[in-house]
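You will see chain A twice below: alongside chain B first, and alongside chain C after that.
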Partner chain A sequence: MTTSTRPQTAIDRAPGNWRPAFSRLLANRDLRLFLLVLPLLAFVVVTVVVPVAQFLYRAVDNDLLAENLPLTAASLASWAPDQGVPGEASFRALAHDIHNAREAGTLGQVAQALNQQITGVRNSFIKAALLVDEPDGVTPEELMQAIPALGETPLWALLQSAGSRWTDFYLLQSIDLERNAGGEIINVSADRAIFREIIWRTVVISVNVTLICILLSLPVAHVLANARAPWSNLLLALVLFPLWTSLLVRTVSWIIILQGEGPVNATLLFLGIVDEPLRLVYTRGSLYIAMVQVLLPLMILSILSVLLKLPKELLRAATSLGANWWQGYWRVLLPLLSPGILTGSAIVFVFALGYYITPTLIGGPRDQMLSSYVAQFTNKTLNWGLAGALAVQLMALLLIAGLGWAAFRKLQGARR
Partner chain B sequence: MFFWPNLRRRLALLHTAVILAFLLAPLVIMVPISLTSGTMLTLPVPGWSLQWYEVIFTDSRWTVALINSLIVGVAATAIATALGTLAAIGLTWGRFPGQQTMLAIISLPLVLPIVILGVACFSFYASVGLIGSRLSLILAHAGLAAPVVVTTVMASLKGFDRNLMRAGASLGAGPFLCFRRILVPLVAPGIMTGALIAFLVSFDEVVIASFITTAEQRTLPRQIFSGVRESISPAIAAAAIVLVVISGVLLALTSIVQRRARLQRGTAR
Partner chain C sequence: MNSKMLFAAAAFVVATSAAAQAEETMTAVGWGGSWNEAYDKGVFQPFTAESGVKVTLDEWGGELAKLRTQIESNAIVYDFVSVEAPALEIGCAEGLFEKLPEAVYAEKDDYLPGTIHPCGMASDTWATVMVYDGNKLTDGPTSWADFWDVEKIPGKRGMLGQAQYTLENALMADGVAPGEVYNELRKEGGVDRAFAALDRIKPHVVWWTSSTNALQNLSAGEVVMTDLYNARVTAENDKGSNYKIVWEAGFFYGTDMWAIVKGAPNQAQAVKFVEFFAKPENQAGFPKLYAYGVGHKDVEKHLTAEQLERLPTSAKNLPYSAVYDTDFWAENKEALEQRFQAWLAQ
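== the complex of A and B ==
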C-alpha cells in the first residue's frame, strides 16, 4: 500500500543538520506514525479494555474472601468435607476472622459474598458479629447457634475456598454446574438449572433473527441493485434512514404499534378477524419483529455491496445454458453472493447476541437474553461474580461466532 | 398472458415495498402520536395539539436532558475526532509491528455487547470516584465513538495522494504545516463525516448512560428510557421526534459535505 522508506528530502541532507538523539528517533517515519496511534490506543485501553477486563475478572475473583478469612482458610488447609464438621481450632479462627472483618468494616461485604453461594448465611454472619467481642472466648456452640450452617459441611467447604484468590464457583454456576461435597463437578439439580436455557435462548433468538434477515433481504437487495438512477438513491436512502435513528425510539414505536389499543389490534378488530385484542407485545414474536426491523438494513447493505459488483447478465447466461431460473439462482448467483450474506450474517448475529434494550422493553420475562441477566445481577442482586461469569459466557459466544466467521472466510478463499 | 419473469419482478417489488413500510413504520407512527391532544400513546389520536412539544421544551426534566445530551455529545465527539483522526493517519500510513492488533483493540467497542461495557464503566468509574459525573459519560462515549471516526477517516485517506505531503516537505514545510495546510483540507469531508456519526453514536446511546448517570446528568435517550418504564406519556414520542429530526439534519449535513467534496475534487482535476 505504502512504501516504508521515505525519500530523503533536501532538509535531511542539509550539511551540519545535527539532531539530538530523541529527534533522530523521531526521524524514523514509522515510529512517528506509531506515536499518532498511541493516544487513542492508550485512551481505549484505559476507558474500555481495562474496565472490561476488570469486570470479566470478577467471574473468578475471590480476593474479598481470601483477604478477610485468612485464619479460617489456613485452619482448614488439610481438611476435607468427608471428615465432617472441623474441630474447635477452625471455629476459633472463624471467630477471629469475623472479629477482624467487623473491625475493618468489611463484614457486610463478606457476608454478602458468602450469601451468593449459600443463601441465607448473610444474616447469620451479621448476628455472629455481635458475639465476637472476645474471639477467644467464643465456644463452637455459641457460634453455631448464630450460624446454624456451620453444623454442616457445605459452608465449611466454602470457607476453605477462601484459601485461594480465585474461584470457579460463578463460572460453573453460569453453566448450571457446581462442585459436590467431594469436589467433583456435577450438574445442579433441575429446579435450579436456568442458565443453560438462557444461553441457548440467546443463541436461538440470534440465529433466527439472522435467518429472517437473510430471507427478507435477498429480494430487496435485487430490487435495489436493478433500480435506475433517481429511484436507486431514494430506495437506498429509505433503507439507510432507520439505521441512523435511535434504536430506543424504534423499540418504543413497536410497543405502541403492537399494544392492546394499538393500530394493529384496532385493524384486526375492525376487520372482524379477532373478537378481542391479541396480546402482541411482550412476546417472542414482538421481540423478533423489533430486532429484525433494527438489524435488517445492515444485512441488505452487506448483500447489496456484493451484488452491485456482479455482472447483471449472470442469471441470463445460466438460463441460456439450459438452467431454469431456480437452478440458475441457487447454483450460480447465490454462491457468488455468499460473501455478502456471510458478512451480513456475522454483523447481524454478533449485534443480536448482545441485545439488551429491545428484549428488556418489548420481550416478556421468558424472552430475556444474556445481556439482560448481566444487567440484572449487577443492578438488582449485586452479584458481581455471577454477572461477570455471564459476561464471560457472552464473550465466549462472540468469540465462537468470530472464529466461525473467519473459518468460513478461509474456506471460501481456498475454494477460489 | 402470465409471464413468469414479470411476475417474479412484481413480487420482488411488492416485497420491497412491504419491507420499506416495515422499516419506516416505527418512525412514521411517532409523528401523529407526538401531536396528540390526549394523554395516551394510542392511535388514532383524539385531536391535534403541540402540547407535548411544549412539555419537551419547557419541563425542566426534558430541557436538562436535552442540554446534557448536547454537551456530552459535543465533548465526546471532540475527543473521539481528535484522537481518531490521528490514529487513522498512523494506522493507514505506518508500518509497525502489532498494527492489526492495535486496530482490533481500537475497534473493540464496536463489537462489545453494550451491557458489558456499561457495567464495566459503572464499576470502573465508581472505583476512580467519577461515577455520576458528566465527565465519566463523556469519556465512555468518546471511547465508543472513536472507532467510527477511525474507520471513516481511514477510508478517506485511501484516496489521498501522499506525494502531496512529499511535495510540501520538499518545499520546506515541516510536518505540522503539511498536516494543517495539505492533509486536513483534503481529508476534511472524511473527518466531518466521522465526527457527525460520532455525535449520533453519543446522542443515541442509552445503556452506558443508564448505568453511570444519576438524575442530574441524564441524557435525552436516558430520559426516554426511564419514561417508557415509569410513566408512558406522548412526551416520549415528541422527544423521539426531536431525536430523529436532529439525527436527520446531521445526516443530511453529512451527505452535503460529501457531495461538495466530490464536486471540489472534480473541478481540481
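== the complex of A and C ==
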C-alpha cells in the first residue's frame, strides 16, 4: 500500500520510463494474486473446462444428422406432421442422402443416431443402403418397403429436425420429457420414465450420506480435539485409514463382512437376535455404509480444523453462565462449528453425487446413481447425446447445491 | 570399464535395437483375468511360435467409446480387440473396424450361427445358464418354468438386473421355445408378455449386477438358483464346488468377436493372426483351457469329451440353445433397458 501513496516524482512520470508503472502494476494485490493462480487456472481450463464443455455440448449437438441429411431436411422445410406422409420429392431427397452417407461411410452412425430417437429404424436404414445405387430410380414404395417407418409421420418429423444443428431431444429425454406430434413438450409414458427417479435417488443418497457423516463426525471430532498426544495421533490415523485403502479392497471387504454367511450375520445368529441371515449386502443400507466410510474422514477433518481453533474454555464458560452441557454445545459450540460443517458438507455432497463404482459393487439395481448411467451411455451404447444430457443434469444439481450453499452461508453471516 | 567391454556393450545395444526393429508386434485386447491367461497360453503363444509376431495382451471392458476416441484423435493403440457381438454390429456400421480378409469370411458356412461377421470372428461363445448348488438342492429345477415356480422349490432366485438375457428367460418360463423367443419379442405384445411373466417372479428375485455377487449369493444360500455365465460356474466347480448347470432348461449363447481396429498400426500382423486363428486346430487352444466355445464347427474334433461337455456349443448342449439376436438388441437395447429400469422402480 505504501507505493501507491508515495509521492510521484518527475522521473516517474517521464515518458518511456516504464519501470515505476510496472512496479505499480505489480503492487496491485489483485493482479499479483491473479498472476500467481494463472498456471492453475490455465491447467484447469485446458484439462477440465474445455473437455467438460465439449462433452456437455454433445447433449444438444445435432451435427451428425444435419450434415448427413441436408437434402431431406431441406425438402421438409415447410412440411408439418399434420399433413401426413410427405410427397415423392422428399423420398427422393432421402434416397440421395442415404446414398451420400453410404459413400461417405457415415450411414452406420446416422442409422444409430436415428435409432436413439425412434427405436427400431437402425437396421432398416442399413438395408435401404443396398437399394440406392441409383437414387433417382428408387420409388417411394421401394424405399418404404425397406424402411416401413417412412409410412408414418414420426420418422419424417425426426428427419425434418436434421435442419437444425441443435436438438433438445436428449435434454428432454434426460428428464423424461419428449415432444409429441404437435411439437409440444409432454411427459413420456410411465414405462419409459426413469431419469427423474434416478436423479432424485442420486440427490437422496447424497443428502443422506452427508447427514450421516455430520452426525458421526461431531462426536469423533470432539474426541479427537480433546485426546492426549499419543492417542490423538493414533485416532487420527484410524480416521484417515479408509482414505489410504484402495476403493476396491474397501468395498469388497464390506461385501464379505455383510454377506449372508459373513461375520455380522454370524454374530446376530449366534446371539439369537435373528433366526435367518439378514439381507445386508446389495441394499441401500450397505451402500450408505460403504459411502459413509470413505467420505467420513473429509467431514471429520473439516470440522476438526475449526474445532481446534476454538478456545477450550468456551463450554466451561457457558456452563458457568448457567447452561447445561447440552445447551452449551447446541447454542455456543455448534454455531461456531458451522463453517466447518458447511465446508465438510459441500465436499462430501459433491463427492457423493459423482459416485458410481461403489454403488455398482455394493448396491442393488435400484441403488445405481446418475454417474452409472452416464458411464453406460458413454461406454456401452455410444449414446453420447444422452450421456451429455445426463451430465448436464449432474452439473445442474451441483449448481443448485452450490447456490444453496452460498445462500446458507450468507444467511449465517447476516445472523452473526 | 575397459574399452573392450564398452565395445561389447555398444554392440549389444545395436544388436538388440536392430532386433527390436525387425520384430513384429501387435496389441490384442481381451476381457482380462483368467480369460486373458487362457488366450495367451492356448492361442497367442502358439501363434508367436509359428509366426514370430509378438503379442501384447491388454484388457478392457468392451467400451467402444475407447475405440471411437482413439480413431477420432488418430492415436490408435489397440490393433485387435474382442467386443460383444452387438457392439461389433454397431462398430462395424460406424466404421470402427476393418473387414475380415475375404478368404476367411468366405468359409462362413463352417461356422456356428452368429460366430462370423464381415467385420469379425468369434473369440468366445458364452452362455447365460440356469444354475443351482447340487449340495443344497437334491431335486433341482429342470426348466425355466421350475425357476418361476416358488411353490415347487421355495427360495429366492438370482437374476441379472437388466433387460437383456432376462426377457429371454422370462419368455422361456412362459413356455416359449428358445428358437421362438425373438419372434415373440418382435411381435406386438411380445415384450409385454415377457414383463408380465417377470411380474410374477419379481417378489422372489435378488437382482445381481456382477457375476461375482451372483456367485456369492448362491454360495451363501441367499438364492437357491440363479442365472449366470457358464464359465464362471465351471471355474468354481474346478475349485471344488458342486454347482449344476441346467442346460436342458434352455439357454442362449452370445458371442464376443475378434475385430481389427480401423487404421490400426499393426494391421498386417492382425491379419496374420486372423488367418492363423481361422484354422480349427488353432481355435481349439482356447476352449481346451476355458469353458467357452469358439466359432468353427470342426473345433470339436480337437477337444476331449470332458472339455466338450462344458461348452455351450457342444453337440450335447447346442440343441437346447438359441443364439442371442444381436440385430434385435442393437436396435432395442436402450429402449428396453429403460423400460426395465422403470419396471424395476415400480
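Simple rule for what comes next: the second predicted complex is superposed on the first by the 363 of 416 C-alpha atoms of A that agree within 3 Å, B and C clash if a C-alpha of one lies under 4 Å from a C-alpha of the other, contacts with A are read in each partner's own complex, and residues count from 1 in each chain.
Assume a contact is a pair of C-beta atoms (placed from the backbone, for glycine too) under 8 Å apart; a residue touches a chain by one contact, two chains touch by 3 or more.
Remember, predicted model here, so these are calculated numbers, not experimental data.
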{"item": "Touching partner for A:R250 - first (chain B), second (chain C), both, neither", "value": "first"}
{"item": "First (chain B), second (chain C), both or neither touched by A:T378", "value": "both"}
{"item": "Touched partner set for A:N123, first chain B, second chain C, both or neither", "value": "second"}
{"item": "Comparing the two partners chain B and chain C, which touches a greater set of residues in chain A", "value": "B"}
{"item": "First (chain B), second (chain C), both or neither touched by A:E261", "value": "both"}
{"item": "First, second, both or neither for A:D191, with chain B first and chain C second", "value": "second"}
{"item": "Touching partner for A:T47 - first (chain B), second (chain C), both, neither", "value": "first"}
{"item": "Partner chain(s) touched by A:P230 [first = chain B, second = chain C, both, neither]", "value": "neither"}
{"item": "First, second, both or neither for A:P311, with chain B first and chain C second", "value": "neither"}
{"item": "Touching partner for A:G322 - first (chain B), second (chain C), both, neither", "value": "neither"}
{"item": "Chain A residues contacted in one complex by chain B, in the other by chain C", "value": "255, 259, 261, 361, 378, 384"}
{"item": "Touching residues on chain A, where the partner in the complex is chain B", "value": "2, 4, 6-7, 9-11, 29-41, 43-45, 47-52, 54-56, 58, 216, 219-220, 222-224, 235, 238-239, 241-242, 244-250, 252-257, 259, 261-263, 266, 293, 296-297, 325, 350, 353-354, 356-357, 361, 370-372, 374-375, 378, 384, 387, 391, 394-395, 398, 402"}
{"item": "In the complex, chain B residues that touch chain A", "value": "4-5, 8, 11-13, 15-16, 19-20, 22-27, 29-30, 33, 40-44, 79, 83-84, 86-87, 89-96, 102, 105-106, 108-109, 111-124, 139-140, 142-143, 146, 150, 162, 166, 169-170, 172, 175, 200, 204, 206-207, 221, 224-225, 228, 236-237, 240, 243-244, 247-248, 251"}
{"item": "Contacting residues of chain C [partner chain A, same complex]", "value": "61-66, 68, 87, 90, 92-95, 161-162, 206-210, 213, 216-217, 219-222, 327, 330-335, 338-339, 341-345"}
{"item": "Chain C-touching residues of chain A, taken from the complex the two chains share", "value": "105-109, 111-112, 115-116, 119-123, 126, 190-194, 197-198, 255, 259-261, 277, 279, 281-282, 360-361, 363-366, 368, 378-384"}
